[in-house]
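Two complexes are shown next, each including chain A; its partner changes from chain B in the first to chain C in the second.
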Partner chain A sequence: MKFPRPRRILLYVLLILFAFAYLLPFWTCITTSFKTEKAVIETVPVQPASPTLEPWMEALDIMGRPLLNSLTFTLFATIFSCFIGSINGYVLSKIRFKGSDIIFLFFSIGIFIPYQTVLIPLVLTISRLGLYNSIEGLILTHTAYGIPICTLLFRNFYKDVPDSLIMAAKTDGAGTLTIYRRILLPLSSAPFVVAGVFQFTSIWNDFLFGLVLARGSEALPASVALANLRGTTTAFWNVQMAGALWYALPVIIVYLILGKYLMSGYMAGAVKG
Partner chain B sequence: MKDSVIALLILLPSVLLVGYFVYASIGWNVIVSLSNWEGLEPSYTIVGFRRYVELFYDPVFWISLKNNLLLILLFVPSSILLGLFLAILLDMKVRAEGVFRTIYLLPFALSFVITASLWAWMYDPKVGVINILLEKVGLGFLQSGWVTDSSIAMYCVILALTWQFSGYTMLIFLAGIRSIPESQVMAAEVDGAYGFSLYRRIIIPQLKFSSLAAFVILMVFALKGFDFIYVLTGGGPGGWSTFVLPLEMFRETFTMTHFAYGAAIATVLFVIVMVIVVPYLYMSSRRREE
Partner chain C sequence: MVNVVIKNLTKKFGEVIAVKNLDLDIKEKEFFILLGPSGCGKSTALLCVAGLLKPDEGEIWLDNKLVTSPEHDVYVPPQEREVAMVFQDYALYPHMTVFQNIAFPLEVRKKSESEIQKRVKATAELLGISQLLDRKPKQLSGGQRQRVALGRAIVREPKIFLMDEPLANLDAKLRVRMRVELKKLHQKLGTTTVYVTHDQIEAMSIGDMVAVLKDGVLQQVGTPKELYDSPSNTFVGGFIGSPAMNMLEGNLVKKNETLMIDLGVSMFELPTWTEEKMKEAKGSKVVLGFRPEHIALAKKYKKNAIQAKVDMLELIGRELQVHLTAGDCSFVVISTPSEDIKVGENVWMVLDEEKIHIFDAETGETLI
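Let's turn to the complex of A and B:
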């Protein structure tokens, strides 16, 4: 759609105004995170003043261990759920067998349930397995609830791989698993990036599971640590904002580098979250 | 071995995991909701639908339900309209479209704990940006307690959530607009459809499925969203002014240890969400087959 010049100027003015509105919370967060407590009270929030790294250091003292915890369970659960989703997606799209549609529906519904409905059984299960307040418990939980969406993402991708490729390999005598390893896996870098980025950000951003499955520092996720920071009176705004930025940093980096893939994950992963 | 046997063997671990953590857990939750379990010691003596009846007499349940409805009535349409507007702006052959898109979608990529922290700071009555900027530009009379004022706290939540989700609805609509065949748009232009009338007459009517997807996604979020409100207001101020069903479920279960009652709230939430999601899943699978 092309507009005459004066209208195009108006268009860009609007787009830029919106961009300012969307960025304002981030901008004040960044300026505040570099201020001393005194400067936070005395200066205008949007204006940078007397820069100091003190709040970042203070926030890292509190958030350091939780950030490592989050990184550990997020990476493991992302890898596990992606590999399981990949092989499931292959089986559900390329092998014809009775019940395959029903199993797919069985997984799909798992994407949409509100997690409140499974919260009590989940806490009981994880406790009974002796995994309460452990990284392993969080890996198991995030992997289990990640399987449905990963299966869906990979199935939708493998559906478009031509059947003739599979047939050709079959006539050469390749078995089911060999076909997956030799033919589909080498074609799968795109869906692995999409599912991987999607899983990484959703698990990293999770709050609810961390809140009910972890207490002490051994497994506390960064999301819960940041929320706790808000609850205290000792951490002033500059420390809270620095903490928020520490926790946001990995996702912002992933978003800026691999945003395109994250967007296709969002389009496919619709109602999850 | 036959292919179908291998297929089932491969799927078996996942089916067991999802079967346990999703389906068996939903059933387990229903059983808890029918029991008399209160306190930390589990109890599975079935007492029937007593907890569900109690819901009717619980004022906090009704306040929470009312706030969930408020989210559906205000947050959902505002995010959809703003997202649609941004998508139309970005569709006008904008230079640096990718930069704008990245900026508008950034809030949605981040954890609710982060966005809630940012908005808590924005809304701070004493030193927060909003009140200070209002004063600087001579609009000091508009200053307010924002999330600390129970009469407007829920609207502050809705504004912040619209900021976070409108980039996502923009993405859905932009994909919808881009999937309309170029030839149709050109034909309409030849017929003299121009500018916003082109969108009103040709493009927006074809965004039915995008709109449906956006509606369902946002409505489900409006019902089950927990993190953002929990971190921003904790359900307050003034006790329950921003309480929603997921918060009420969490408080009853994990703070008050009324496990049966919390499970009943979760079951109600599950039923409402499924009433929205199942027809949508059915329609989108039909659409895919066409």
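Let's turn to the complex of A and C:
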């Protein structure tokens, strides 16, 4: 779309204003995280002053283990939920069987169940499995909770893969698993990126499950540790901001790496053209 | 080489009957065509043979082995049928190179690396795509993709080829060329082939045998010549041949001991060879059918000719297609460009009396 010149200038001014408003808190966060405690009190938040790495080190001291915990269960749960979702999506879209629509409906309902409603049964189940306060327990919970949305994503993607591709593979002699492994999986980079980024951010950002399932330090997630940084009586703003930035870093990295693949259309040229 | 026998095949999709009581006997080495307008059930029948669809009733025998029978609870999955299929959209695996696409059926069957190399290369050579082996499908033209799809079917030396409108997505010129190549390939390999198309010209030019389907019901099976010369009903008569057969409804009447068809615009006296067969049918409504090339045009009145007015002339290369009307009916006549005919002129259509068809107007069945 091309706007006439004056309108375009207006558009840019507006966009810059929005960007400014949007980035201001982030900027404040960065400047504060590099300040000494004294500078935090004496200078305006947006102004950088007496730069130091001290708050970052201090935050890492407290958040190091939780960050590692979060990274571990987030990665595993993301991978598991994506793979299971992809297999479900394949079965529900390409292998029609009696009742598959009903099963898919149940999966879809799963997406809309709020976290809070399952908290008590969840805690009971996880603790009876002996997984309370463990990384494994968090992996299991997040995987299970991610399966419905991943299934939906993959099913919708596989639905657009031409049936003739599957039929061709069948007549070529491939069984159900070979078709998945050799045909569908290599074509799935786009939904894997989409589902992967979605799962990674939502699991990484989760607070509630982490709070109720991991009380001790062995499995404490970074989201909970970040909240704990706040302290009870005094607020060390610089340490909190540094902690917040440490916490934001992995998600930013994931977006930087995978962002460009989010839009990729891998299926182009699959069939006639 | 194997044969295919289909007995009483019925396939429903919900309430819709896609194929109804289909019986076919496909001999070994035959290039067998399933022909019909879209939605006539021809692809459904093919998918049942491939094992990609399970029919509701009936039996399918491949190589004298029962592979499908819901009644006897027999169903051999497509993986074990040794049939190869070519799809209308080619269904090439987009993430694989041409080599990998062709090699896929062999890899799945756990053939040795050296055998795969050898067979893929031989197949590529046969189809003239050796220089494309490293490319991905999206880097290929329609015709090249078509060849790769064929290659993937040929490479495993299946017992039967199943082709579902394989040429439908190609442009007209390429389609004609690939048609010839397919036929040559079939002569070279001799593999029994079942080929689905809606294009009657394609069917006539490459088929050994053609089965015409309409609304899931088999209309006629025969060689292209049989279908053309003696269609079993008005549908086959009208579907086969281009331009289509001219058809004109009329009443069968008897006048002075001769059988005639009262066509409304004129009376058509039936030739003597038809009398014997037409005796039982007299008095009923009939359809007179005659092909565009079996009519001569005369400037003056001729006995038993139908008068018509020239509407339009189409000069198509070697032939001149003359469009005429008589009353409410329109006709097409194939004539030669040298013929001196003008638009708006009144002419007489002289039918080749040996080559006329008469159908029952009620049932559409052929009377003669």
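What we mean here is this: the second predicted complex is superposed on the first by the 248 of 273 C-alpha atoms of A that agree within 3 Å, B and C clash if a C-alpha of one lies under 4 Å from a C-alpha of the other, contacts with A are read in each partner's own complex, and residues count from 1 in each chain.
Keep this in mind: a contact is a pair of C-beta atoms (placed from the backbone, for glycine too) under 8 Å apart; a residue touches a chain by one contact, two chains touch by 3 or more.
The shown structure was predicted, so the numbers you read here are calculated from the model rather than taken from an experiment.
> Looking at A:S223, would you say it contacts chain B, chain C, both, or neither? Reply first, second, both or neither.
After superposition on chain A, A:S223 lies in contact with chain B alone.
> Determine, under the contact definition given at the top, whether A:I102 touches first (chain B), second (chain C), both, or neither.
Once the two structures are laid over each other on A, A:I102 reaches no partner at all.
> Is A:G173 in contact with chain B, with chain C, with both, or with neither (first, second, both, neither)?
Only chain C is touched by A:G173; chain B is not.
> Should A:M241 be classified as contacting the first partner (chain B), the second (chain C), both, or neither?
In the superposition, A:M241 touches chain B alone.
> Scan A:G110 for contacts with chain B and chain C and give back first, second, both or neither.
first
> Of chain B and chain C, which one touches more residues of chain A?
The larger set of chain A residues in touch belongs to B.
> Between chain B and chain C, which residues of chain A are contacted by each of them?
After superposing on chain A, chain A residues 175, 266-267, 270-271, 273 contact both chain B and chain C.
> Spell out the part of chain B that touches chain A in their complex, as residue ranges.
3-4, 6-8, 10-11, 13-15, 17-26, 28-29, 32, 42, 86, 89-94, 100, 102-122, 124, 127-129, 132-133, 136, 163, 167-168, 171-172, 175, 195, 198, 213, 216-217, 220-221, 223-224, 226-227, 230-231, 245-246, 249-250, 253-254, 259, 262-263, 265-267, 269-270, 273-274, 277, 280-281
> Show me the residue ranges of chain C that touch chain A in the complex, using the header's touch definition.
Result: residues 47, 50-52, 77-79, 81, 83-85, 87-96, 104-105, 108-109, 136-139, 142, 145, 152, 156, 162, 169 of chain C touch chain A.
> Of all residues in chain A, which touch chain B in the complex?
Residues 1-3, 7-8, 11-12, 14-15, 18-19, 21-26, 28-29, 32, 40-41, 44-46, 84, 87-88, 91-92, 95-98, 100, 103, 106-110, 112-122, 124-125, 141, 143-145, 147-148, 151, 175-177, 201, 204-208, 212, 223-224, 226-227, 230, 237, 240-241, 243-244, 247-248, 251-252, 255-256, 259, 262-263, 266-267, 270-271, 273 of chain A touch chain B in their complex.
> Give the list of chain A residues in touch with chain C in this complex.
Residue positions touching the partner: 162, 164-165, 167-175, 178, 182-183, 186-187, 266-273.
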